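Before anything else, here is the set of structures, which you'll find just below.
In what comes next, subunit A is part of two complexes: it sits with subunit B in the first one and with subunit C in the second one.
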Partner chain A sequence: MSTIPLRSPRAYLLALPAAAWMLTAVVAPTLLILWVSFWGGRAFSTASPLTTQNYERFLSNATYLQLVLDSLKQAALLMLLCGVLGYCIAYFLSMKLRNPRWRTALLLAFIIPFWTSALIRAIAWVPFLGVNGVINQALLWLGLADQPVEVFLYSRTGISMAQLSLYTLMASGPVMYMLAQIPPALREAAMTLKAPPLVVFWRVVFPLTLPGVVIGQVLVFLNVMADFATVATIGGNKIALLANLVLNFYEGSQIRAAAVVAVLLMLCMLAGVAAALRVVDIRRLGA
Partner chain B sequence: MAQLDLEIRSLRKRYGGFTAVDDVSLQVGQGQFVCLLGPSGCGKTTTLRCIAGLEEPDDGEILIGGRQVTHDPPWQRDIAMMFQDFALFPHMSIARQVGFGLEMLKRPKAEIRKRVAEVLAAFEIGGLAERRPASLSGGQRQRVALARAMITEPRILLLDEPIGALDYSLRETVMLELKQVQRRSGISFIWVTHDQNEAFSLGDLVVVMNHARIEQQGTPQEILQRPRTPFVAGFVQGNNVFRGRYTAAGAGHARVGAYLLPAGGPPPAEGAEASFSIRAELLRFNPPADWPNRLAARCLTVEYFGSIRRYILQGPDGALLKLDQFGAEPATIGVGEETVLGWRAADAVLHA
Partner chain C sequence: MHWKTRQRLVTWALGTLTIGFLLYQWLPILTLAVLSFSGPTGGTTFPMNGVSLHWYRELWAASFIGDFKPPLWRSFLLALACSGVTCVLSVASAQAMRARFAGHNAFFFLLLLGLMAPGLLVGFGFALLARLLGMEPAWNTTAFIVHVSWTLPFGFLTMLAVFNRFDVKLEEAALTLGANRFVAFRRITLPIVLPGVIGAALFGFSLSYDEFARSMFTTGPDNTLPLAVLAQLDQQLTPELYAIGTATTLTSLLVILLTTTVLWLSRRRAAAR
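Up next is the complex of A and B:
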């Protein structure tokens, strides 16, 4: 319980440092990007006239639009895969693993990779997925394949495999948290009311973890949409999604186009979060 | 003999090296109100959970309505259970949650709607049908939990400290209601509690447990008046427990230490350590000359409860004694006074 009343001068004072940081580090740069995306003329300066031409150019290009669609499709696929796998892992760790030592050990094994940067983890997948990579070697040795499977690296499949490993924890964590909040007596009460295990899960456990599922979905969506590193390293130069396009434009010194894509990317993400908020009010969690 | 609602034969449950339930046997006739009473950790809740099927016993058998269910899962047993914190489903409306059991039994929707309305009305919570548990008071939650458990009319209702979470002022009313509900429904109640007032005012049969075992089972009067073990005598209120060497005294009598009492069941070995108890209301100040048991004591304090007045006294060996008198009578002695008290040989109960 807070002893400082809400909306009092002291409360605002407390929020000041964080607000200042958010303004300079998040809000101001975002507004800058938004501004740049409307710059017209030939010179790249703050004196540029404002225009919607940058957007018109982007939206009239079918290849770019296809890219938006591809990014959303990739995000949807990963939301599904990470959601299902993440839920299973969360359920296993919280409900089935009784030994607390094993639980901690597995959880750590799960979390430690996240101490390295996303770029490093993406690159780390290359020696696994390559034609002479670990996975192919294993498949050949086990006799499950006659020749190396080429589809792993420099392909959408490879990207999805890598992203699945990178983002499953994000779908898993919030579910794990929600599962831990469910008193065991609730499941037991359902069982004594004649509900077999699957029904207990579907009618009691799953609805109570739904907020965690939605938050996980939002996290996976945001990360996949923003992920350029995995796509660039595993996809090679063959595949690009919206986030890569920002980078490409930027490296090609087409700052205004990069800003346009960045703004559109943000709009997609905002739409995703807004949709999630309609299902579950994330802000009310833990209250 | 009529079919038993519940029969437990030599139930055992261990957790690693810890024995939670040891050789517990129990028979519950039709529509009985049974209270499992004991201190925390005595195995009463584990016994209840074994009956529910929430714990798998290591040994022994459980029969519900004559049917062997020892290894059946909870959802295949003819029981319902009320949990300590009620375990209401936070995401379901009251109507939905009360109808949950019938839904699981695949009853038609119309029938469920009708029965839920009936049961909510019967428990006087009809106005809450569309509410969520979070917005209910403790007493309302307790009614919802009871309605949810009873709607399927199970053979046995298991209750794990069902009023422990309620305000003290509510408990007496709720106890009376539950007792009436139980009588009307004919469902056997197995009620776990550590509160002897609950156990003795509700139970047709009270089962006192300690250290994973049943110490004694019987009617409230049997347990209160004739405690079979020193634990039961000490655990239930109002007993004075004495220990000493056992010696036979002839003519169906014996002595424990200096005190004369009826010999009781199978006699302990001559000279063995034994114990007996005498109820506080059977002690008397300045006993008649022909009462064989008497001792000098000093009054330490007097507690007044309205219906009784309890004197706490100290005997010559330093042990504390309690003596109860009717509260309506004037006090006999005051704090600090010396007195002699005694009891009839026939009123003392030798422990096994």
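Up next is the complex of A and C:
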């Protein structure tokens, strides 16, 4: 017995507002994008004839295809960097750091920026990366360079540097969660049976954290693919990835083209999530 | 090499990497904060040419850049509204989940969808929907609807986690003693899960306050704060932006501190009882 009985019809009443809200604000808009991407003609009307021309036009443009490839490459690079770095940090904080006070302090230092505006954090990289930026000033002062290096701002390097600082926590968090679930007895058993530390890690610890790794990779992938703000802030107007293209087309009133790019972006993301689900059954995570 | 030495080396290497990353993560934020206090002739990078509150005064006076006060006010109100709606709806939907009604799995995934769907696509799609329905985009109508679809899943998951650890026996005791379900919920359930509700409210506020991808398409002519910052950044990077970045980051930190203190106090009070 509780304040809400099992299978109570009142549950539907309680769930209805949230369900209606999500259907209106998330599901319907997504389906609408799909529909609009097939609209022919010029007017914004539901009477538009359906056509695949919008897709043909986009897919026949080599520049746009290159952009799709670039976006995927950027995501792959960040998945690798954030994945390795995030795993190392998660492992250190959960397994190596024994002092609880230090652990809390470092954990907070790791997590707190995540609670502040991602936009401000992206902007904070700009004074760092410029020709007169902090990195160049440091390089000159240290004598590591005799003239300012220009590769940082308005470049893919700079974008990757900022994204690395923004998204490593997403790769790290799920791994930390999985590491905390591993009973210490498992590692002790392996060590008692004379497995060297590296073997214990590779054969016992790593497989148990694999779901966390995969979820982290999915989060980084989704966020990098959808990230237009970092790209716009640090890349200036010189660099655009798939997500920026949606915005550019939209601002240029090319609604159909924007919808096409949005659908392609969605397809990339769905493919990524589907691939991840083949490796890990997310529903079994709670167990 | 002895394995203990090797273990210690690994620990040191991982520790150095972690500290290195923390510096990497914090240095830009701290630099932004330091540069926001540069002198009147200071620019967007070092040297600072003195220390002053000049850029904060400029920001307030809005003499050179657009006025940030109205967008700030709008963002604040919007975040407050999202926070309230998130509280109510996430408690209601988590309570509904406890009844395991037919279709509760689909309901769970529907809410999770709001978390997974990228803001760019949700915002763009809803702008299309609004246009189809003849709705004029504005920060307090369309943007509000879209923001809640982003903040609600976080509040919902928070409440689910809280109800997972909730001791049903307490409710049972109240009901056995003659309280009706409504009274039991209000007098027993709600006070116990209150820290979770505060967490959901905080999620709602800060996620909406910082949101820009969804707002971009659905806000109309009257900007919210992140959009005003983006617009200014599009024109020119000025130290005023550093000042506003520092101010918002400090506000976020203050809100986190306040909430954790409240949660900590309520837990201590509960333990003392």
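A few notes on this one:
The working rule: the second predicted complex is superposed on the first by the 269 of 287 C-alpha atoms of A that agree within 3 Å, B and C clash if a C-alpha of one lies under 4 Å from a C-alpha of the other, contacts with A are read in each partner's own complex, and residues count from 1 in each chain.
The working rule: a contact is a pair of C-beta atoms (placed from the backbone, for glycine too) under 8 Å apart; a residue touches a chain by one contact, two chains touch by 3 or more.
Since this is a predicted model, take the numbers as computed values, not measurements.
With both structures placed on the common chain, the touch criterion links A:Ala185 to subunit B but leaves subunit C unconnected. Looking at the shared chain after the overlay, A:Pro49 reaches neither subunit B nor subunit C. By the touch criterion defined above, A:Pro100 reaches neither subunit B nor subunit C.
Applying the stated contact rule after C-alpha superposition, one finds that A:Pro196 touches each of subunit B and subunit C. Of the two partner chains, subunit C is the only one that A:Pro113 touches; subunit B does not reach it.
By the touch criterion defined above, A:Leu208 lies against subunit B but remains apart from subunit C after alignment on the C-alpha atoms of chain A.
With both structures placed on the common chain, the touch criterion links A:Val246 to subunit C but leaves subunit B unconnected.
Of the two partner chains, subunit C is the only one touched by A:Met225; subunit B is not.
Ranking subunit B and subunit C by residues of subunit A touched puts C first. Residues common to the contacts of subunit A with subunit B and with subunit C across the two structures: 196.
By the touch criterion given at the top, residues 183, 185-186, 188-196, 199, 203-204, 207-208 of subunit A touch subunit B in their complex. Against subunit C, the residues of subunit A that register as touching in their complex are 1-12, 14-15, 17-19, 21-30, 32-33, 36, 44, 46, 85, 88-89, 91-93, 96-97, 106, 109-110, 112-113, 115-121, 123-128, 130, 132-134, 137, 164-165, 168, 196-197, 222, 225-226, 228-229, 232-233, 243, 246-247, 250, 255, 258-259, 262, 265-266, 269, 273.
Here subunit B touches subunit A in the complex through residues 52-54, 73-75, 77, 79-81, 83-85, 87-91, 100-101, 104-105, 148-149, 152, 158, going by the rule given at the top. The touching residues of subunit C, counted against subunit A in their complex, run 3, 6-7, 10-11, 14-15, 17-19, 21-22, 24-29, 31-32, 35, 44-46, 89-90, 92-93, 95-102, 104, 107, 110-111, 113-114, 116-122, 124-129, 131-132, 145-146, 148-149, 152, 156, 168, 171-172, 175-176, 181, 184-185, 188-189, 206, 209-210, 212-213, 216-217, 226, 229-230, 233, 237, 241-242, 245, 248-249, 252-253, 256.
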